[in-house]
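Some structures to go through are shown next.
Look for chain A in each of the two complexes below; its partner is chain B in the first and chain C in the second.
Now for the complex of A and B:
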């Protein structure tokens, strides 16, 4: 236990240092301007880190698999597709005039239904064949992307500009109106998910064992899956979808967190995924923006590294 | 059995050929500029339009569709996997990375040189991919396309990184999103080469079929395995880079067309390649015509239209398979 605690503490300290650097580097004395701007951005990054990290970990626990992620199965592109559909129906102006909080809640509900449906299809089609399930998920992701692209081409320029804004991930142009609703969702999820930490450990033992130990397996799975959908929607609503055709950020984060946590217990892994995700994003953003002077390439680098990790995980497993 | 399949293949060939002829005529008459067949000989402008824009565009579409479908079929036979195509083994992405590097480092090089470098890059990408999937057990059929998609996206993110830092993203997006709206007389002729390569594949069709039967069988039948394997890979690499450099990549043609055809007429290439080429041309041509009409007078790139159609067909193929024991 001590070494696990030490790793958590170390990650937290590193994150604090990275955040401090992120807030202060290259400020050139313009504190009034720089601090509020960067604080909002930092908050957005932390929220996204939490949402993606935790949702991926939950998903991997649910499916008992360290290479599955919600993004791999097309969940985030599903969200973008639903939003584009909304813009097409309402028009650019109608969409912008919607009350953001109501829109966000409505989208959450649709996303819940949509991702449950998608998950059902994948489970039924994939069954025990993991490769088929992931492949179908990835192709669904590409399909949602393609049809989103097609719908966007059918819009008038105004609606297109609106739809374009949420189709690419960027921390520099995140959705400011959604900062507070997203914070609310994340804060609400924290105690609820933390309460599940021991049940999640049991879940990891597999269906039969979990049922034996008194878990209402079906209901528990649905409850967690609902949180996965909500968190994916939150992250995607805030900054847009990560890579194309799938994002490997969640996978990268979970692989690193599993490595540093040194245990499968969720009371260590849940905070660890958040810390690792936040450290990657805050540290990466600081490094690329202020030290190297490069803009917005962080996601590209993360996807590159995440893709390599994915290949490593697949190909290593087959060696044994 | 054999005769039934031959009859089916003949039916498929004639059917596709008829559809292609019809679509060819439609493609010539659809577009923003006024055009009517009746005035063709009366007005020199109409003749001009036909010769410099409509005809080249339609030829480009037919050549692209046919050669990409053939390239996909060859690749599926060579790698013994039904679910791959040039953009799913890293070939397309490597070709555009090669083109990008050539444009940055040797902007003065001729188109032919750039094209050859792109083809070499595509070949290298495929070889690395073949090394990677060697680690997978032969039963993991669906793991191969999965690894391929990831492998392709890693190469693509490397290209995006380079493009971002050198402010050439626009250049890259031209190669990534296949579009025929820029095709004019004098700008598409390289594609005839792709058509010739598809024809060359037809000439060695029997040998490729034998190669697909496995190592033991092909050695037993006295096939020079390495030579044919390399010939097949080089044809695929060349077709891919020719298409990427002239119109941009159109994913999923090489995947769905061979699957549909081999369901109908089997895997004997000498018999199925013509159908593959014809059906590939028909599908791309119809998608391009849809792209021209759906938001008239604006155009939607063929890659966007085919992205939707291709993924739907691919999902149908994947899900249908799960009904069987495979």
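Now for the complex of A and C:
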């Protein structure tokens, strides 16, 4: 237990240091201008780190598979599809003029509705057939991506420029108006998900034992998957689809967090995934903005490292 | 006492269980036997609430399974299936503590630790207590799983083919352990068995199933006759008495 606590504390300190560097490096005395700007960006990064890290961990626990991420279910492709549809119907100008809070709520509802439809597949089988649900999610993900590609080709160039902006993740052009709604969602999720930490541990024993030990399996899985959908939608709305079309970031974060947590218990792993994800993003962003002078794109490097971890996980699994 | 009334189960148009009525007496080991596809495991999974019951009702001591909250049921009924997805990095001690989850909900008390320590001792798992499940042999892991189920301290225990993948030494010691624990703690154990000689030697009651129905029920002496084996499995086998138990000679 002490080593687990020490690692958590260490990660928290590193994150605090990285955040301090991020806020102050190269400020050149223009504090009034720099601090609010960077604080908003830092908040956005922390929110995305939480949403992607926690949603991936929940998804991996529910599927008993450390090489899956919720992006497999095609939530972010559904989001890009919705945006593209809006641009096509309203035009570039009309799309930009939409009330962001209403748009966010509407999209959240559509994404929740879509995911609930997908999870119905799971329910009908009595919670047995996760593999089938994932497969259907993959198919719909590809479907939405193809339709999005088609729609974007049909647009006029002006609208296409608008569509391009939300098709790729970037912390430099994140959606400032959604900062508060996203913060609200994340803050609401924290106590609710923290309450589930012991029940999440029981999920590690597999479906049958979870039922045996008194978990209302279907309802509980549905509740957690709904949160996965909400968190993915929040991160995507804030900075765009992270690592679209396939996200290795969540994978990278969970693999690292599992390594440093040294235990499978969720009371350690839940904070750990957030800390690791935030550390990677804040540290990486600091490095790229202030040391390398925007010479490279963070998401590309993160995806590259994530891809390597993915290969490592698969090869290591073969050996055992 | 377990009351099973008018339980049917269908997959598509196929009937898996056809209107089962059964009373499983309280106390002792009841073995479910029968050929492959007879519906034994399906019946057990319905009794264990692993699948939703669509027709009929199952009651434990008069409590209806479908109407009882699952968290409450976890303190009356323990189940063990042959599900392979138990994660690797769980130590034997932690696994046994999971058996206490219906009571402590994630916050183990002194009593829970005592019960786990006693179970580690009783099952001979003390030297393995801090080992991860992946570091155990098949027999040791099965023993750990059974120990976890017994930590749950329920009146009813359902086991689906617990002898799978065990050699004859571990199979015998597991059955002896089950028998001792069942009788010492006055539990009701229902177990699906493929090896009918294990059933004959250790079970107090036998329920033989065929084509989704109960074909025979009774004590081992009543059920294991040459005529019944012929009906059940459609093969000739000699049934002899050996050391006071029935022995079905089916392999030569």
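The rule is short, and it goes like this: the second predicted complex is superposed on the first by the 280 of 320 C-alpha atoms of A that agree within 3 Å, B and C clash if a C-alpha of one lies under 4 Å from a C-alpha of the other, contacts with A are read in each partner's own complex, and residues count from 1 in each chain.
In the analysis below, a contact is a pair of C-beta atoms (placed from the backbone, for glycine too) under 8 Å apart; a residue touches a chain by one contact, two chains touch by 3 or more.
A quick note: this is a predicted structure, and the numbers were derived from the prediction, not measured.
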First, second, both or neither for A:216, with chain B first and chain C second: second
Contacts of A:208 with chain B and chain C, given as first, second, both or neither: second
A:64 touches, of chain B and chain C: first, second, both or neither? second
More chain A residues in contact - chain B or chain C: B
Which of chain B and chain C A:264 touches, first, second, both or neither: second
Partner chain in contact with A:198 - chain B first, chain C second, else both or neither: second
Touching both chain C and chain B, counted on chain A across the two superposed complexes: none
Touch list for chain B against partner chain A, complex: 83, 132, 135-137, 140-143, 145-147, 149-151, 153-154, 157-158, 160-161, 164-165, 294-295, 298, 300, 304-305, 307-308, 310-312, 314-315, 318-319, 322
Chain C partner contacts - residues on chain A that touch it in the complex: 64, 126, 197-199, 201-202, 204-209, 211-217, 263-264, 320
Chain A residues within the chain B interface of the complex: 125, 127, 129, 131-132, 134-136, 138-140, 142-143, 145-147, 149-150, 153-154, 243-246, 294, 296-297, 300-301, 303-304, 307-308, 310-311, 314-315, 318-319
Contacting residues of chain C [partner chain A, same complex]: 48-52, 69-75, 78-81, 83-87, 89-90, 95, 98-99, 101-102, 105-107, 134, 149, 152
